[in-house]
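Taking it in order: structure first as structure tokens, then the write-up.
Letters A, B and C mark the chains in the order given here, with residues in each chain numbered from 1 onward.
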């Protein structure tokens, strides 16, 4: 019987409903994946078995300075081609198959590998790009040009574990209980179509970003055509992808804080701006005017993971559910309150994330550092490239 | 009270006000019948004076101290103390033309209707019970050259 | 010499309804109707009728209708009556055929081939009566990236000047001279009331309209009529007109008889002389010259006013628009070939230029390909007929739309295309005081305000249906459009999928 090839993400635009969850320990202490698994499993009915996944931060401390690429292969040729490509542009410290567990419900998994790599120093220098941009472009290349290979994650000291199936099965499959992370996010997907492709599952990641998202953004094409101007190819046609690129553009390239990036994407309403004092109104107006096409519209709830912590965001009208709760250094986020209470029955301060008001939780050390830093955004292209300035010995202080 | 004022800057000499007035004061309230079959012919009380270049609709101001009422010898011309509307009663009018000569605005006319000429003037279309809204001439004006506004009068 | 021309229209008068009140006679500047006391009826000189429909609207008994002259053509699909009439006219006069308003030919109207989207199940539609629905737009150039102090809420990047529109449309250029002062004043009053802008056209800013200068876009065109530092600084923005959709590559000619005292003063030219706008700007023979003019105007206004550049949609429009953005234009205006005019050579109006829909899509995509779309504003003009057209234009990529014909129709225009005669019975395209006074700006402005408010309500309803609550998210959102009855190439240029895809 011929195998009917299912539609891939990118071939068609597929709206989805979803469950999302996130757990973070502000102190940086690491916890294994059992809580996040339990939390997302409770929201089983919000997914339909066609996609689930996790992102974890802090799981590779021994390789913290290297990019950890999780790559899914559908064929041996794809792996050979990709590895040859990686060998050209990166230096690999370690590469291995990601350990998995056979799970009855998980059918036809791809061959999944991870690589701990650093950009090839000379090629990086020749590229005229900074390290992040260099890495990002090569990830785009593999995803777009190598048939049968997909980079599931490409950040440092983090990784995405995702596939087709219910999230609890995907979690078992990847043995996520074996990893310790200071932040976990999870996603259970309810696509209205049958993508059946592992690369299309969520979280969507890019460098250190990971995004889990519930909703359907009606501004999709306006946002897509905006970011595509700056070299972000929206191959997957998913909301999550375009939201990730918006964060990357605003927070990494333009240098805004994640909170400000989120504020730009859910800008103050004109009604509110009209009630502000003139200086503040001028500030908000400038943001809206300059970043008009970065406004995200339609129902969505998003959890953004990064090396700084988690950020939760709801659309301006609060059309999607997202709850937050706290207990000590722990912060819990989930589409449903029950998914928080199931793992932390005595959770405190439970409340909905407000529409258009980003909820931010940062690692204590990051928060401390940010407090001391200037509040002016520093665009990526104005920063000296680490790999260029780092080679010179620090200037000797005059006695 | 609300009064009709004519603004000559916007009067375009189309005379739709005259047609509307005549229709309103016909028995049938039907323009075609008013112009063709009704007898005695209904009379329009507003008149557009002038030319294409400069014209204005002449209409009663329903003065606070109406000269026409003061001068009326037969008691036909009265001012309604409640509404302020000045009207002429065709059954009492003897056609002496005193009102015509006293009116500072030329708003009263004698029309030879039926057996004798009697005075006709604007009644604001408002003396008819149950008729609310704008007088018919104001409603018919395409260019707001007739306005119906609250005013102390002249 | 016997005139071989046939009448174009026939006046039908219902004798049962006509009361011979004479309203039609007094309403017609073309002298069509006559109350004939001898005959006891109203007669019509059909040949003079231009089908402006003033009499039809004014008749108190709706006794009048206008029909086409019932003459059949010769049975040839090639030698149509219109083609033959044009030849007869030129054989009589030896002149260029003049026409007015937009291209009336049966070219495809792409707006009508673009269907809008609405939310179902996966995404809730938004009720504009319950939720805020934002239609405010800013026009001007903007930095691609802002530098701010997030704690102090201060923008450090200098922001170029912007104009704010509360509705995503403006009134396009119509000069005092081509239209009456009352027409321009009506639009000025409406613009002020609506929080948008009217455009002076190349006719200067009449002193009576200075009160509305905050809502004026002052135009600088090839004739430079009415341009001085006061004029440039009076308006909210400046528009350099390179071309007009109705007559690309052609200048303008306002005959001396229309240059009365007021027009003369406002245009700063002698009374009774012809006002001739050259075809090109004689100081702009290339793109770098445009840059010089843009910056001359910015210097003259101390960089406080955005400068728009308007071009007709022609074959190479995308590349030209991109050049304009690089030359310093803050706002790019593209005027499609169905845009109106007070007068244009008929052959130009009917045959030159391309549709705004294709031009707009091409320009927006080119600016994006070059990564500069977010730094300039783009305005579409040239026959935007309804709120749905506005939504389509914005979804194709415009920041806002210009409307002129639609606004004139709200004033009373019935598209008779006889503007150039100067006998506009609606008081719009004329300087004859008997006729201009037919347009009471107070009434006319109200009608335009009503129209635009109605459209804005409809725009909000359509946006709400799409699940969008700010017009920012509609701009360039071509997924909200689907093509119907279009071929692959058309879909490709418009950047939309086919219905069902």
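Just so we're on the same page, a residue touches a chain if its C-beta (ideal position, glycine included) is under 8 Å from a C-beta of that chain, and two chains touch if they have at least 3 such contacts.
Just so we're on the same page, UniProt names per chain: A = Glutamine amidotransferase family protein; B = 4Fe-4S dicluster domain-containing protein; C = glutamate synthase (NADPH).
This structure is a prediction, so every number in the text was calculated from the model and none was measured.
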{"item": "A-C compared against B-C, more contacting pairs", "value": "A-C"}
{"item": "Centroid comparison with chain A (C-alpha atoms), farthest chain", "value": "B"}
{"item": "Where chain A and chain B are represented by their mean Cα positions, the distance between them in whole Å", "value": "80"}
{"item": "Rounded Å distance between chain A and chain C, as computed from the means of their C-alpha atoms", "value": "47"}
{"item": "Euclidean distance of C-alpha centroids - chain B vs chain C, Å", "value": "43"}
{"item": "Multi-chain contact residues (two or more partners), chain C", "value": "none"}
{"item": "Residues of chain B touching at least two other chains", "value": "none"}
{"item": "Interface residues, chain B side, partner chain C - complex", "value": "9-16, 18-20, 23, 31-32, 34-36, 52-53, 140, 142-145"}
{"item": "Footprint of chain A on chain C - complex, ascending", "value": "119, 122-124, 126, 131-132, 134, 136, 138, 140, 142-157, 159, 162, 368, 371-374, 466-470, 472-480"}
{"item": "For the chain C and chain B complex, residues of the former touching the latter", "value": "16-17, 19-23, 26-27, 57-58, 60-61, 433-434, 437-440, 442-443"}
{"item": "In the complex, chain A residues that touch chain C", "value": "13, 15-17, 192, 215-216, 218-223, 225-226, 228-230, 253-254, 256-257, 259-260, 267, 269-271, 279-280, 282-293, 295-299, 316-317, 319, 374-377, 379"}
